[in-house]
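Mind having a look at this structure? Questions to follow.
Which chain is which? They are A, B, C, D and E, in the order written, and residues in each are numbered from 1.
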Amino acid sequence: MSSIAELLWAEKYRPRSLDEIVNQEEIVKRLKKFVEEKNMPHLLFVGPPGTGKTTAAHALAHDLYGENYLQYMLELNASDERGIDTIRTKVKEFARSRTPPGVPFKIVLLDEADNMTADAQQALRRLMEMYTASTRFILIANFPSKIIEPIQSRCALFRFTPLKKEDVIARLKWICEQEKCKYTEEGLETIYEISEGDMRRAINVLQAAAAIGTVTPDIVYKVVGLAHPREIREMIKLALDGQFQRARDQLRQLMINYGLSGVDVIKQIHREIFSQELKLPEELRVMIADYAGEIQFRLVEGADDEIQLSAFLAWLTLLGQKMRASS
Amino acid sequence: MSSIAELLWAEKYRPRSLDEIVNQEEIVKRLKKFVEEKNMPHLLFVGPPGTGKTTAAHALAHDLYGENYLQYMLELNASDERGIDTIRTKVKEFARSRTPPGVPFKIVLLDEADNMTADAQQALRRLMEMYTASTRFILIANFPSKIIEPIQSRCALFRFTPLKKEDVIARLKWICEQEKCKYTEEGLETIYEISEGDMRRAINVLQAAAAIGTVTPDIVYKVVGLAHPREIREMIKLALDGQFQRARDQLRQLMINYGLSGVDVIKQIHREIFSQELKLPEELRVMIADYAGEIQFRLVEGADDEIQLSAFLAWLTLLGQKMRASS
Amino acid sequence: MSSIAELLWAEKYRPRSLDEIVNQEEIVKRLKKFVEEKNMPHLLFVGPPGTGKTTAAHALAHDLYGENYLQYMLELNASDERGIDTIRTKVKEFARSRTPPGVPFKIVLLDEADNMTADAQQALRRLMEMYTASTRFILIANFPSKIIEPIQSRCALFRFTPLKKEDVIARLKWICEQEKCKYTEEGLETIYEISEGDMRRAINVLQAAAAIGTVTPDIVYKVVGLAHPREIREMIKLALDGQFQRARDQLRQLMINYGLSGVDVIKQIHREIFSQELKLPEELRVMIADYAGEIQFRLVEGADDEIQLSAFLAWLTLLGQKMRASS
Amino acid sequence: MSSIAELLWAEKYRPRSLDEIVNQEEIVKRLKKFVEEKNMPHLLFVGPPGTGKTTAAHALAHDLYGENYLQYMLELNASDERGIDTIRTKVKEFARSRTPPGVPFKIVLLDEADNMTADAQQALRRLMEMYTASTRFILIANFPSKIIEPIQSRCALFRFTPLKKEDVIARLKWICEQEKCKYTEEGLETIYEISEGDMRRAINVLQAAAAIGTVTPDIVYKVVGLAHPREIREMIKLALDGQFQRARDQLRQLMINYGLSGVDVIKQIHREIFSQELKLPEELRVMIADYAGEIQFRLVEGADDEIQLSAFLAWLTLLGQKMRASS
Amino acid sequence: MSQRIPWVIKYRPKRIADVANQDQAKEKFIPWLRQWLQGRPPEKKAALFYGPAGVGKTSLVEAAAHEYGLELIEMNASDFRRKEDIERIAKVAATQMSLFGRRKIILLDEVDGISGTADRGGLDAILELIKITKHPIVMTANDPWDQKLRPLREASLMIPFNRLSERYVVQVLKRICAAERIECEDAALKYIAQRCEGDLRSAINDLQAIAEGYGKVTLDIVRNLVVSRDRQYTPWEMLRNLFMSKYAWQAKRAVTHTDLDYETILQWINENIPNQYTDPEDVWRAFESLARADIYLGRIKRTLSWDLLSYVFDLAGPGVALARKKSKFRWAKYSFPQKIMLLAKTKEMREIREALADAIAKRIHTSRTTVKREVLPYLMIIFRERPDYAARIAVGYNLTDNMIKYLAGPLYSQVKEHINMLLLRMEKPATASTRVETRATQPQTKNEEAGTSKARRATRKSSRRRRKGGGTQTTLPL
């Protein structure tokens, strides 16, 4: 591997063989069976980003063909290759190339298969059938429902689930030890929360944070360009307490200091509403969640960030008033 | 037909002749008249996707010309180039070519004709008239209003509607008998519901489910990668009962375990709202459906899955509160 | 520089070297380090418009390569160039050109990088890796959250914050002295407020105002085509006082005289509700902010300007009535 | 004066050359420069309706190319053309036609450019660049802020201001003298007030009034009253009286017979509810205006104007009932 | 398969006399053609036939060719009409007939369908062709007012064609039925004629489709085919089931188990909510729900997300059905959607309005929408208050009879009288004022018909005709 791999921890600490994969045990067990038998059906890997789908595919190929496995694997990225025609040409050519010693097939790895149109998927299905003698396809997708039935029914399905908190944190700790960097427990937990079970993202954030100093929550939020949750909560509280203008000032500060877009702010607000740090009657959380959906939609449709977020805070203020009035 | 047809039931059991089409009776009746008379005007088939428009066109041609009907039919679909140039060259050439003896006319089948430019439609309109002695056109469209007036007035209009439940189920049963596979009534009904009146999709699901075992609802949901309706209903009930946070946890579980996208979830919710398993005042069902539609639209426009679904559950919770308050 | 530079003050007084940049001290310090070391990583400049991102990039290149720095810098605008393919071709070509003496790399400046799709950014990332030996990328974006993780983690991040009031005004005063134009303090303050920390915009407005005469608030509002805040406040007051018809006449006047669109008016209203010049109970401000959000959304979705603003004024009138009734 | 053929005065007295334009002196002066130099940039004319934007564009072309200028000018109206594709085709074709002798470019006049979506404007901008060698664009818009920034920055901006009262009245008087028609001062003033600075409207009203008799306020009001369908007021009254079906018949009259669009109807409703002809409690007027805003927004989203307006009438009917019940 | 010839072709007019209902067009066309045949090519070497589809434009040319024994050279929208294609025709056109060859007539059909991109250079080539031709050229167009056709209009004798009357269409259909020995009901033919709105071709196509499908033409069959067919529930049944529903699923079944399409379903419900519900609150609730359904339909159209279709049904079905809270259920009499009927009935009027708006928009340089909103109402006042003055404007804008009818309403005949008087005065030499003449030389206001000398001749003819009381169309010079 080149020096880039050295630079990027996500690359450097990516598992090379199935043995090195520390979670998704069930899946790994099934994949190892294929290595043993030197045979396998077409595979469909589904699951959210960063759950190790591509890694598993590479590790499988590595274990089947050895270090130089890349010569027996054709990696295609659906969003790279424009249209099924390119795919067809490449697969045709690849299928003609020589087969690996000892294993009767080569592998075509198709990333982001759910980004293909239904028509292209139909064509793909035909390709899979045509070259089934000499190749196996591994399709990777986020949402299985976007893969057409006929392909699903031709593939063995593997569902990758988001990594568990302890797994992510254990892995981060291990990397910290390798790289000799300092961290606090809360720092790693914050990374886990932000990365939402996406291991690659978690490692990227860790690396960026470690570059600055000890990995603490503050550093982590700074690195990813998010407001500190505390500040978000303060803003919400100010509004609920009737301090609309101050809440609005806080909002402006956040948007300016962190370079947050309107959608970023709404997402962070959404996350905080459900945090236990924010003392709120359950009912209020619910009402806020409802309205946050409305505002987020308006922003997606192109409405003005400041006006819409002001409206949101204004609404919070009104809500706070009613609440006090009724109690 | 090749072995693929044998493998894919949707292909194997695609109606070849008008007699095999089990629904759209009125349409079939009129089309059969044309076969009898060996004459027909130009035809315009309109209706939503998956209602058998293309199948009917092929079956009609089959009945007119027999097994090898494809040599008397020119088929152009949306993925083919259909600008004004093609119309003037390819279509014209075909229309001008000699009609074999005994064949009253040839057929030009244009799929998704409503996507053609106005220019191309103008050119088409003249061809329809000039070669009307030797050629008939079948145009297929989703929106008739996008077909220019002069063409509409030259065609007999056929409106295809989504397949009815009993028709779909009867067909599935018949296939099960042919293929000697076991099923329960509920299993087939589940297939109908999931496929939303799209026959091809229904047959694909049936085949995938039958490959696993008896076709039961559980198997069907598993095969298509959807949550079990029971779980969806539980989530709805939790929200209506005021247990917003638990409902949200359930939602996350569903999305993670089944790899459901936001639209998947909303569609499943929508299906359950009208189910009798869910005890709800009738009026509420409509209100929930309306809001679900709103949320689905927002998702289609690119809003965030989690925020929007949270908003939906929050709204349900508020609705439940009001309901309890008023009773 | 050509005559355009002379004509446009924003160009004429744009800092040429890092030394001339008077704010963003922290950033300038870090950039000067790069010049000293004659080396740097890829850079990502983020921040609102007019905070000097592009200027800083040019100044950096100037300090690295001298007066003729433009031959070693490729400037691209992500939203101009149609798609990643154009970018790829241009970068490829540029990377082949000769490197500057004494500095081991050339610079690719990519403006509005956050307008690129995620797919295009992925491709960009690969480009950055491929040509890392001979080029450095400076990416410019408004919102860091719209830049994909892998790019962020490959770049050193620089956050540009909106200029402080005193900095902007000091700069404007200095320019006024250079250009010998008259101004009042309030005039410059108005410019600052309108330009919202966007220096380029502030200078443009100053130039346009100075062309007419002494820079006073009245002149400034006229030049930028905004209504005078007083008129906006009058309209709001008329509506709240129950004088709906007169408020609407005022609205029409504003739209006709200043050529304000509905969104323009809503933005100005939004600004005024929080001004201390408008005596309003806090509660009212909040309610108006909430409703303004709704109306702005409708306008963004394409609703009719006049009808929507009339509805807004009607609502204000109702609000005023209720207020008087309750007090 | 001809005793046989007569034209609309708006056409008959439209200035043909820049010299004939009697107001907007500043603008005329700048435009004449272009004629002298036989060169010009792209132009953007903004201002309220009836301030002479289109007239100025024609006069400019006339002065550049002489009497037969229309062969060197392509006139398009964004709200009449069907999408940017039609515009593109027409411009392409036009750009290929021969250029005028002595002037190195032709003119594309695009009226109501602010009715185009942002996407269409982006495409337009590319067109402008593509054909900049042989053509110049004159864009006409009511609101400058609805024209996207990249287009604005490529055009010289001309702001047309509403005509002054004395200018309008002087012009009307002059026409009256030409046409030998009788008038009173108050009559002309009334026309000025009604036409809200829109010269074209003023002349239309004048012509209709003069056709009936001496132009007095009474006659003017009569004309304006006749021009606005009575059905609107009747419709509102019928609905409030509980006669929903008859109200809807009126609505259909308006939409089908008068060809009013949904937005037109809402606009007229707005005008009527605040007119003194309709006896309504003030509060009701305001409520109706508010709801009309809501309905208009739905028109933008919905498919069928009549259904949306029926909902409005149903609401009015309900309102009327409640009103009677409470009194 | 010669007996399979479509009736539109089989019953095509063979003689000029067979082209009925277009007397004025013939009155202009035949003398022009005769000039050609007598070896004196008229000043305008091309004629442009314009008018709605299916009223006999192409037929008249074919009939004339047949009657005078001319060889018909045709080019239409299905042909490429690039510069080089037109030039190919031009070669033929520029040569005199050989000694034995037949005389020719060139038909360029549907010139408004000439494509900007695919037929590059076509229009210029046609202009060139008109200059050099030695044979008559006839062009047809539905909409000749497109700006790009202006040069063609100026170079051509403009000949308008009228929409065919219902009575005439019925006559033709009857004749065909007799010839084909098809049993038919008068009411059925009338129904077909009504629906085709003056387009004879589509009427004949309909007739053939029905006759060949069913062997006879009765009102029942026609109605069934023309309105919606193929349904489990008729619209009436659909409404009954919908409004009787107690449960959401029943109502949903009602709207999904009919083969009306979604847009039509919404129209039926829209029409009948007030027939069914009596309490204003129920009516309002029902309409709110229907309005939501309509919004989903609008969203489907804009985003093509067919997934949303089922929400349309939810709100139009259960939403409307469950809106009833106060009204008692009753047996209501449902009616056919008036909007659909009204739209069909007023189609011609609306077309006239569009044409009028279009003509004026081009002259005062604004959009059709603005003209409809800002100009037509005032014109209408003038036409209904001052017929004499209106007549002069009608002359100034070359308004057709239909347009005048639209503007003047009950005062139509008065306006016409004044126009005739004006025309009489124009026959006297030197009355036309110079002012108007200058206007007329302006390119965009240029009279569609001809230069002034020609105009006068035509005027004389048209006024003579008018004195005889014939004709329904005025194409006025000046």
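Everything below uses one rule, namely that a contact is a pair of C-beta atoms (placed from the backbone, for glycine too) under 8 Å apart; a residue touches a chain by one contact, two chains touch by 3 or more.
Note that the coordinates shown come from a computational prediction; the quantities given were computed from them, not determined experimentally.
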Fewest touching-chain hops separating subunit A from subunit C: 1
Touching both subunit C and subunit D (chains): none
Copy-to-copy rotation for subunit A and subunit B - C-alpha atoms, rounded to a multiple of 5°: 85
Longest centre-to-centre distance from subunit D, chain (CA-based): A
Longest centre-to-centre distance from subunit C, chain (CA-based): E
Intercentroid distance (Cα basis), subunit D paired with subunit B, Å: 45
Inter-centroid spacing, subunit E versus subunit A (mean Cα positions, whole Å): 58
Cα-centroid distance, subunit B relative to subunit C, in whole angstrom: 48
Centroid distance [mean C-alpha coordinates] between subunit D and subunit A, Å: 52
Junction residues of subunit D, two or more chains touched: 301
Residues of subunit E whose C-beta touches two or more other chains: 117, 299, 301
Chain contact topology (line, ring, star, complete or other): ring
Ring topology as an ordered chain list, initiated at subunit B and continued via subunit E: B, E, D, C, A
Subunit C residues touching subunit A - in the complex, by the definition given at the top: 46-48, 119, 122-123, 129, 142-146, 149-150, 152-153, 157, 159, 161-162, 197, 263, 266-267, 270, 274, 282-283, 285-294, 296-297, 300-301
Interfacial residue positions of subunit B with respect to subunit A in the complex: 4, 8, 10, 79, 201, 204-205, 207-208, 211, 223-226, 242, 244-245, 248, 256-261, 264, 295, 298, 301-304, 306-308, 310-315, 317-318, 321
Subunit E-facing residues of subunit B, complex: 24-27, 30, 33-34, 37-39, 41, 46-49, 83-85, 87-88, 92, 99, 104-105, 119, 122-127, 129-130, 132-133, 143, 149-150, 153-154, 156, 158-159, 161-162, 164, 196, 263, 267, 270, 274, 276, 282-283, 285-286, 289-290, 292-293, 296-297, 300-301
For the subunit E and subunit B complex, residues of the former touching the latter: 1, 4-6, 8-9, 53-54, 76-80, 109-110, 113, 115, 117-118, 196, 199, 201-202, 205, 208-209, 212-213, 225, 228-232, 246-249, 252, 256-257, 259, 261, 289, 292, 296, 299, 301, 303, 305-311, 314-315, 318-319, 322
Of subunit E, residues touching subunit D in the complex: 116-117, 120, 147-148, 263, 266-267, 270, 274, 280-281, 283-284, 286-288, 290-291, 294-295, 297-299, 301, 338-339, 342-343, 346, 349-350, 353, 360-361, 363-370, 372-375, 377-382, 385-386, 389, 392-393, 395-397, 422, 425-426, 431-433, 435-436, 439, 442-444, 478
